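Both complexes below contain chain A, partnered by chain B and then by chain C.
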Partner chain A sequence: MTEGLIWGFVYPNEVEIQWSVLIVLYPYITGLVAGAFIASSLYHVFGKEEIRPVARFALLTALSFLLVATMPLLTHLGHPERGIEIMFTPHLTSAMSGFGYIYSFYLVIVAVEIWLSFREDIVKMALNSSGWRELLYSGLALFSYDISEKALHEDEKIAKKLAIIGIPSAAFLHGYVGFIFGGIKANPWWSTPLMPIIFLMSAIVSGIALLILLYIASMKLRKHPIDHKCLESLAHYLWVFLILDVALELLEIVSMKYESLEEIDIINRLLSEKIAFTFYGVQLTLGILIPFVLLLVIGLLKNRDTLKMILISISSVCVLIGVFAMRWNVVIGGQEISKSLSGTLTYVPVFFHPEGVLPALVIMTLPFIILLVVTYILPPWKDMEEETTQMGSILKKKS
Partner chain B sequence: MKISRREFAKTGFRVIIGAAVSSTIIESIVTNSIAAEVSPGGGYDWKEHLWGYVVDTRKCIGCGRCANACKLENHVPFDEPVYRTWVERYRVLKDGEVKIDSPNGSINGFEDDIPAEEIKKAFYVPKICNHCEIAPCVQVCPVGATYETEDGVVLVDYDYCIGCRYCIQGCPYGARYFNTEKRTADKCTWCYHRITKGLLPACVQACPVGARIFGDLKDPESEVNKILDKERINVLKPDLGTKPKVYYVGLDREVR
Partner chain C sequence: MQPHLKRVIILLVIALIAFIFIRSLIVPDSFGQYGWYRGESVIDNRNLQVGYAGSSSCGEENCHKTIYSIWVGSRHKAVNCEICHGPSNDHVNNVRIMPEPANESREYCGLCHFERAARPANFPQIDPETHGENLRCAYCHNPHKPWFV
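Up next is the complex of A and B:
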């Protein structure tokens, strides 16, 4: 690394930045998972009927992202083959040691939740198909074909209970990721008890934003009208959680600046020089302020469905970029200040490198491919399309 | 289902006991696997010692021999910016500015790049892993690969470390680095292979002015204890509660 990237004094060992862009992806992906899951619980647990069209789709989205969540971590380990030790001999004082368990527990919950909510479809497909498809769906049905009214009712009850457990575990999965950073007293930019809850709120907004975009995209691809009630309701939740998110993020900065402890000089330098653009520009303005205003405008507009949809999409894209910037500012920003509190470093991402941008891009595209496969096996489109189909036919009759 | 308060309390109690028992079992597996790991042998009993280290900043002349000796002794690559020990130079200028540097960890010594008349005061501060009594690096290691020995040395088990680098983030002193050859975390061991044979750490041996002093805290007559009994000492970043076992004599407030 060249001298120009260092300002002031950094400990000699700090010249190497340890956690790369892959570690930025890790909280980003788990955040999307937690957010998508919580969005689906709005229907499954809180019975918000407007969300029903995307509730099962949200679960599949959560699963697709969950399946890749370990990848950036494993790729980054010096000894990936030893990674499993975290399950066999977790060192319980470490915030990181719970990862294996929390992750597996959550994976099971999401998988069972999906199974229960798709069971009826799976059984029907098993009964109405032949050959390998029959085998696949019979396997997925676990060879239990009872879809009587009573059995389905039971399923629903269990699914609801599971989702109730699912919410705290989603919150835990991600709040815990925040604690991995928040618990490091060596780093003044990370060490704050607010970190888990900030991570959680930004996770929820990013998950909802992702769901909105995926919903719009899949309806466009399937050439099907969009259920605007559902879309606007999602946008409404996005707005509410954005407020919570920004309140916490500002609280952190304001209290840091107000208390002005020993580290304030270096924090100010970080904010005004190292991450000024990604923090004030992308995270706060593009990622929160702009979508906040746009979503407010949407609330005031009447009967302009297409315009609203465009504004909601723009807001969602902004939120997704903003939350990525937030993860970046935490993970990379925290490493750009020296623990000597007397200097800063610069992280320069490399493209072709085992821990570079290329693998990060590959890992980020995987969930979409997985989602494609999963929705092929377990199509969630019925819920998304039936209501608007009815509406469509009514409209047609009228004209 | 109705649950009486007593039953509820009982179930809660069971859950707590269950959680406690399972975590103790896991904990004991972890500690056993560690205890089985290093037993220096050769008639050395680690229960009889507790090692400590004193740095007398007033004596250091910034020659960098310690940093050199360490790299040689412990096969730390010379061509990479990684150090188990290094020396920092602090120069308080007449205009009040504080200049800190440690070019190449002091291996090649220091150059006079600021005219003497501009400098108010200057001093060197040797740095090394503090073998903290409450070591954050041990706390954060997810698999227990970083551990504290009975004689008070913090070590890395290179056959067990998964290379997550959480400990490097967790050490407040910048004492750790990533060993690109072993693909694990690495750091100063106080030359554990030497001290368990009755030798001094390489850096202590190499220091021409006796600025680095090593010894047994359990031995009241050791050189370390004599200094600790007599001098006014401090440790680095005491507010972080890590309880370092590297003690500094003549530590200036500018030292980070």
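Up next is the complex of A and C:
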């Protein structure tokens, strides 16, 4: 069966593709984390007031996805219980051994940031509830109920400082994932110093797109009007980062083609045969060109809020699919060329398998369930709803 | 500093100390003794039971001298006795314990001799579909002295 899937000269240990769809999922999920966090810091650090309605929601989204970020890797390992050992005895010559530390550091930053920005609500809920809820919120408040103006002001200052540390750590978390691929010199499709920054840009793009969709979905579910100013501002950032992303992605391909080093033949074959559809079709056309044009149209439209919202949603869905295709093309594409540089292999995804599509789907639904639970415990809806409610009441008064 | 911030810092310090404590319990003492691995694994490996005796022990003491002298001059001299006949250390120590019978299936010979693009062109290779009518290789070829058909 494998005969038809192989072309040219390949090494025996390459025939079975080891990094499956789960390893595609890992940079995808970490990218969504980094992107959502950076979207929230547009408000927390750069003071973009129009992002405020989704700033805390973005932090919760980042946390929900961060909590499952290790799962594709642990599922991929034959012995998931040994995963922790990478933290007990890390080695400087292994880029992978840094993951545990970078991940934990970032988890602490996100958790403390969320805690600080929700502390006022937590304390109020602890004081106004009874029974197990009181215990839960008191525990979350660390049994310290000081929400005087001074204390909250200090919280805000520290939260801002943390967000300033958080941005480079988010960039580090995801740039590092890119480095794991970019640092593999034996694979010409991966080995480029541009890889970390390409990963980072696509991470920001996918994170903002996810945030847009979650915002629209949660407002629709809660039957609350959408803050179009916030939505359009997010769409604007999506567009800006999309341009940076496509510029870097094309720069990589153009420099590869222009330099035409010895590996160009196999890269050409990869692009024209193995991943032609997912690269040109999904990653570049569906994932970048279509949202780019749609977002451009949105900038030109005036006072057509519903149409804009539909176009922004379509662009966000396209971006999310496109970024997944980008991760696919990197992870799977890189393994579909032989280290001999004169042969290709084929990855055939299976459904019911520990490394298959089913566990990938399960892992991908988990962050949404976690988000549901987290938003139940720490509702971020107040920020999203108060502004539009105020606007609604002003409009009512006027009429 | 506000008391609630102090509590967060204390919590983080406790988590850090817990990590260091658990690490000290879990990482084996001999880790790093020789390199980036558990030093005692060397002793563990040394204590494993020896299974293979080596080809020279087959030809010594007049046991299998004739076949040994044929094999040692053949093109199969790099394929040691125990590769086909199985681990024989117990047999060398006690002749009553017989080793497993030699594996003489087509597939076993084919591990080296079935056609593969990655093998050097001058290495003897056959296409199992067309060569030998599905007979055991040893039906025609002498494994102790190939080409001695």
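The definition used in the following text is that the second predicted complex is superposed on the first by the 398 of 399 C-alpha atoms of A that agree within 3 Å, B and C clash if a C-alpha of one lies under 4 Å from a C-alpha of the other, contacts with A are read in each partner's own complex, and residues count from 1 in each chain.
As a working rule, contacts are C-beta pairs under 8 Å (C-beta built on N, C-alpha and C of every residue); 3 or more make two chains touch, one makes a residue touch a chain.
From a predicted model like this one, the values you see are computed outputs, not experimental measurements.
> Quick check on the superposition: with chain A as the shared anchor, is it clash or fit for chain B versus chain C?
Here the two partners, once superposed via chain A, clash with each other.
> Regarding the shared-chain residue A:H91, is it in contact with chain B (first), chain C (second), both, or neither?
Both partners, chain B and chain C.
> Report for A:K185: first if it touches chain B alone, second if chain C alone, otherwise both or neither.
first
> Give one of first, second, both or neither to describe whether A:F9 is in contact with chain B, with chain C, with both, or with none.
A:F9 sits against chain B and chain C alike.
> Thinking of the overlay built on chain A, is A:T346 touched by chain B (first), by chain C (second), by both, or by neither?
neither
> Tell me which partner A:D146 touches in the superposition: chain B (first), chain C (second), both or neither.
second
> With the two structures laid over each other on chain A, which partner does A:T75 touch: chain B (first), chain C (second), both, or neither?
neither
> Using the touch definition from the top, say if A:E154 reaches chain B (first), chain C (second), both or neither.
Only chain C; A:E154 stays clear of chain B.
> By residue count, is chain A touched more by chain B or by chain C?
It is B that touches the greater number of chain A residues.
> Looking at the overlay, does A:V112 come into contact with chain B only (first), chain C only (second), both, or neither?
second
> Pick from 19-27, 73-81 or 91-99: which stretch of chain C gets in the way of chain B?
Among 19-27, 73-81 or 91-99, only one stretch of chain C overlaps chain B, namely 73-81.
> Where on chain A do the contacts with chain B and the contacts with chain C coincide?
9, 11-12, 85, 89, 91
> What residues on chain A touch chain C, complex-wise?
Per the stated touch rule, the residues are 9, 11-12, 85, 87-89, 91, 108, 112, 115, 119, 141-144, 146, 151, 154-155, 158.
> In the complex, go through chain A and note every residue touching chain B.
Going by the criterion above, the answer is residues 1, 8-16, 18-19, 73, 76-80, 82-83, 85-86, 89-97, 99, 180, 183-187, 335, 338-342.
> Within their complex, state which residues of chain C touch chain A.
Touching chain A from chain C are residues 2-5, 7-8, 11-12, 19, 23, 26-27, 31, 36, 117-118.
> In the complex, go through chain B and note every residue touching chain A.
Interface residues on chain B, with respect to chain A: 23, 26-27, 29-30, 33, 81-83, 86, 88, 98, 100-102, 104-105, 127, 136, 138-144, 160-166, 168-178, 182-185, 240-241, 256.
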